[in-house]
Amino acid sequence: MSQLLKAKVTTHRQISSGYYLLEFSGAELAETARPGQFVHVKCSRTTDPLLRRPVSIHDVNKDRGTVRLLYRVAGRGTELLSVKEPGERLDVMGPLGNGFQLPDPGEKVAVVAGGIGVAPLFFLLRQVAAAGNDVKVFVGARSCRDLLAVDDIKGLGVEIQLATDDGSAGHRGPVTELLARGLKNIDRIYTCGPAAMMKAVAGLAREYNIPTQVSLEERMGCGVGACLACTCKIKTPGGSSYKRVCADGPVFNAQEVAWE
Amino acid sequence: MNKPNLAVNIGGVDMQNPVTTASGTFGFGPEYSRYIDINELGAVVVKGTTLHPREGNATPRIVETPSGILNSIGLQNPGVDYVIEHYVPYFKTLRVPVIVNISGDTVEDYAKVAEKLDAAGGIAGLEVNISCPNVKKGGMAFGSDPAMAAEVTAAVKSAAKLPVVVKLSPNVTDITAVAEAVAEAGADGLSLINTLLGMAIDINSRRPILGSVMGGLSGPAVKPVAVRAVWQVYKAVQLPIIGMGGISTAEDALEFILAGASAVAVGTANFVNPRATMDIIAGIERYLIDNGVKDVNELVGAAHGN
Amino acid sequence: MNKPNLAVNIGGVDMQNPVTTASGTFGFGPEYSRYIDINELGAVVVKGTTLHPREGNATPRIVETPSGILNSIGLQNPGVDYVIEHYVPYFKTLRVPVIVNISGDTVEDYAKVAEKLDAAGGIAGLEVNISCPNVKKGGMAFGSDPAMAAEVTAAVKSAAKLPVVVKLSPNVTDITAVAEAVAEAGADGLSLINTLLGMAIDINSRRPILGSVMGGLSGPAVKPVAVRAVWQVYKAVQLPIIGMGGISTAEDALEFILAGASAVAVGTANFVNPRATMDIIAGIERYLIDNGVKDVNELVGAAHGN
Amino acid sequence: MSQLLKAKVTTHRQISSGYYLLEFSGAELAETARPGQFVHVKCSRTTDPLLRRPVSIHDVNKDRGTVRLLYRVAGRGTELLSVKEPGERLDVMGPLGNGFQLPDPGEKVAVVAGGIGVAPLFFLLRQVAAAGNDVKVFVGARSCRDLLAVDDIKGLGVEIQLATDDGSAGHRGPVTELLARGLKNIDRIYTCGPAAMMKAVAGLAREYNIPTQVSLEERMGCGVGACLACTCKIKTPGGSSYKRVCADGPVFNAQEVAWE
């Protein structure tokens, strides 16, 4: 059940140039959130910037009743967010969205992250690893400075392969090149990242006929399905229709998305 | 002091308090029910409904501007038959009046939608959107011409027995001329304002940001324009007014009431604070008590003096 | 890359860069010279001037609104003769073109002011304000009716040899109709937009805040409306446009240029950042260099595509 | 010469409920400022609230190159100001306005402050006391909690009389009642406070024919004389005309002001 809360920031630090990890208290949120869901955060105290900002739930700690966000400073909203001090209150709504559908027991899973797209995937990975599924993780980014959460992922004891555009870490080139080589025996794919990357993953998935879930982004108003601002085109038998990323997603079946 | 009276009446729609929702910002009702008890509202105004389903505009459909947003949803909606089948049963479970916002490409469309909704039951009134700037045909044109606005109003009035509130556009030289024409044609109340026509350009792509180029500006940025419109229309016509445009707090709502609105609608502010409507109801009540005002209706238009 | 070209021409007024000041926000020039070198501007547009001195409206004359302000200065100014005697000698010492903004109650007033300024020398052009919402007679009416707007334009054109830029109001149903009429009547350029008509109410005193009840809304809040107006007018007429309304940064200015403005004016932002004009000039130059654009004129209207 | 600076906040503390004393570095400003002048302060980082806020120069320290402001939290702007931390930058313009005209040597001076009106008068008092003029200070406020800078004024070694509306300190009643009794031999009056108080002071001054300077307040736009927003009605031989509080004032001859 989504809540509206003024949550206390417990820790907040820059983990790489322009990337921040923020943790806040929210026992019920931590308890009920599912991987792939997001929170809608009010970054300013005034009417400018006006809207909330959607940020994925990066991880939760049910014991401590805390929720983590991993975010990139992209503009004015996230910049205001980045100066919040521990102890300050954060105005958050959530959990919102549908979240990922977890794999069946025994399924071999590939998780493909591009840049900040790793944000919602860590929470998923932790659950999938804990459930005992076999997991391969592919993380791509512009350069090694944009490779996030790698140590945390390694800490889960799962296999991880890295790719960077500039070759500063791991494979030089798109992460989908690594994925293409590693698809053998994969039963299910989860991906989040730049649209072009997700489209390429969807292409591979179709080729190998692997069920794939993608987490989409769209500019949001309400975050709860009321305003119809955040729609994406979803293929339907008759053609296509607009679905709401915030309420019908953000997770969609990759083959249903009408990629541009 | 006893509890002050908050109840108002908008052209036949009885509201337990003056606070309702702005069409298009509150879905069909259930979306915000996780945050508020809808039955505590004065009324619910739901998403714009048309005769046939509409897909809406290309994305992006929203862009933030200083203290405001531009939207170009393009009246995406499942069509009136779907609304009657899927939402009217839900409306019937509510204890607050539901007002359905309607749009059309032609006068006949408006009349047909009104007729169907009238027959469906479970609806307390119609809000006729003659002012949405987001549809290519009709929409805007009806709202910017007094004669056409009157024609739509008359057609809806004769198609439905429900109270009819006509929603006016601020994108006109003289909003009072449209208000007078619509009043003359039989409207039971007026809603104002709809969004201001605006746009934004991405300086990197060097293209308009919204998929449909122009959009409607709403939010706190437009409040001064909306208060002015309510002030002018209150002076010009006798109909009850639902005021809206940038209302985020009880103070904002009271500005509209003092300018002449009998009720207020909360739109964009729901996105920022999903409990905005509840906070506003409580704040209005607080103001009445603090100022020893027994009935909110005493404040309607009070800023005009005597 | 070499220094890109920033020079533009507005209907005969040569500007070394596209940045000027919005009338009424920059006094007669000297007020801001402690913060910037006025000679580095593209042009200076000075306070609205009328035939006779004007006292202006009662205070308060300004009220802050979300990301904007409402003003009701009421064209306070010392009259054209005083301007010619006391400010024109100063204008003559400047190396940048000075454009004088003029207003009147009647068509004859406009013509007389234009004639006097034309004869005075030291002035590069006239900006004809047919859109100020703050004066009871004339002002607003001229700007909201295409035929009257054309009449004022023609009268000023025949009274003065100076380039004539006509400043349009956004408070109209169709700004392109006014633009077309004014172009037809011989205007050399267009300025848009003037302020949006708005108001604010004090919920404690329960009275309008501004001494003159209504005022003009300006600042970042109105930017989306202004960009839209520039976009529409650029499509409709061939005249060069000075775009304004909420410009605070180079990014804002570029939005207007891409929408179709050949020059931009900075108004309310001067109050917030007295060096805003200079920051904007530097920012536009930076953008041109970063994007390999050799001449700012290449960007004018570029968001319309080909 | 007025400057635009991003000044470093050196100290900032609440001195009474809702009243703050803020000090910032600004050597040139401290050097050139005159009593009665003000600075124009940007309180928000965003476009809302948009405008700067005028705040009087409460005092300067030329040796340390610092400037002090004494302010009351009145609304959103001053509220945002009140959370500035030492070390942060403050966007200020100034000094602005005309300032007080200092007394001639030997003149006996009365200074009358109401509430936050004491803000610009302390800097004046310090100079007048240093110049050796005889000074009587009258400070009025709603209650003792709103009596500000009293100890600092006492520290100047000048005579001070207090009045409060609720009688919680000093005389119970308007400060002008104290002034009326203390006008003997006064050559010159300076006053700042609520309009009604200043009007009453102006009335007494006219009665006793004592030259009096008042510091007015009006809502401001530019602060530099360009926008004509901040005008006040000044009597002229022919009737009255509007003068700019920011540039022609904020200090005016009390007998010229067309009090409402």
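Should a chain be cited, it is by its letter among A, B, C and D, assigned in written order, with residues numbered from 1 in that chain.
Note that in this section contacts are C-beta pairs under 8 Å (C-beta built on N, C-alpha and C of every residue); 3 or more make two chains touch, one makes a residue touch a chain.
Not measured: the values here are computed from a predicted model.
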Pair with more cross-chain C-beta pairs in contact, given A-B and A-C: A-B
Centre distance in Å when subunit C and subunit D are each reduced to the mean of their C-alpha atoms: 36
Whole-Å gap separating subunit B and subunit D, where each centre is the average of the chain's CA atoms: 47
Of all residues in subunit B, the ones touching two or more other chains: 66-68, 219-221
Sequence positions of subunit D contacting 2 or more other chains: 47-49
Touch-based graph of the chains, sorted into line, ring, star, complete or other: complete
Of subunit D, residues touching subunit B in the complex: 47-48
Touch list for subunit D against partner subunit A, complex: 44-49, 76, 80
Subunit C partner contacts - residues on subunit D that touch it in the complex: 1-2, 4, 42, 47-52, 93, 218-232, 241-242, 247
Subunit B - residues contacting subunit D, complex: 66-67, 220
Sites on subunit C touched by subunit B in the complex: 65-68, 70, 144, 171-174, 196-201, 203, 206-208, 213-215, 217, 219-225, 227-228, 231, 246, 251, 254-255, 258-259, 287, 299, 302-303, 305
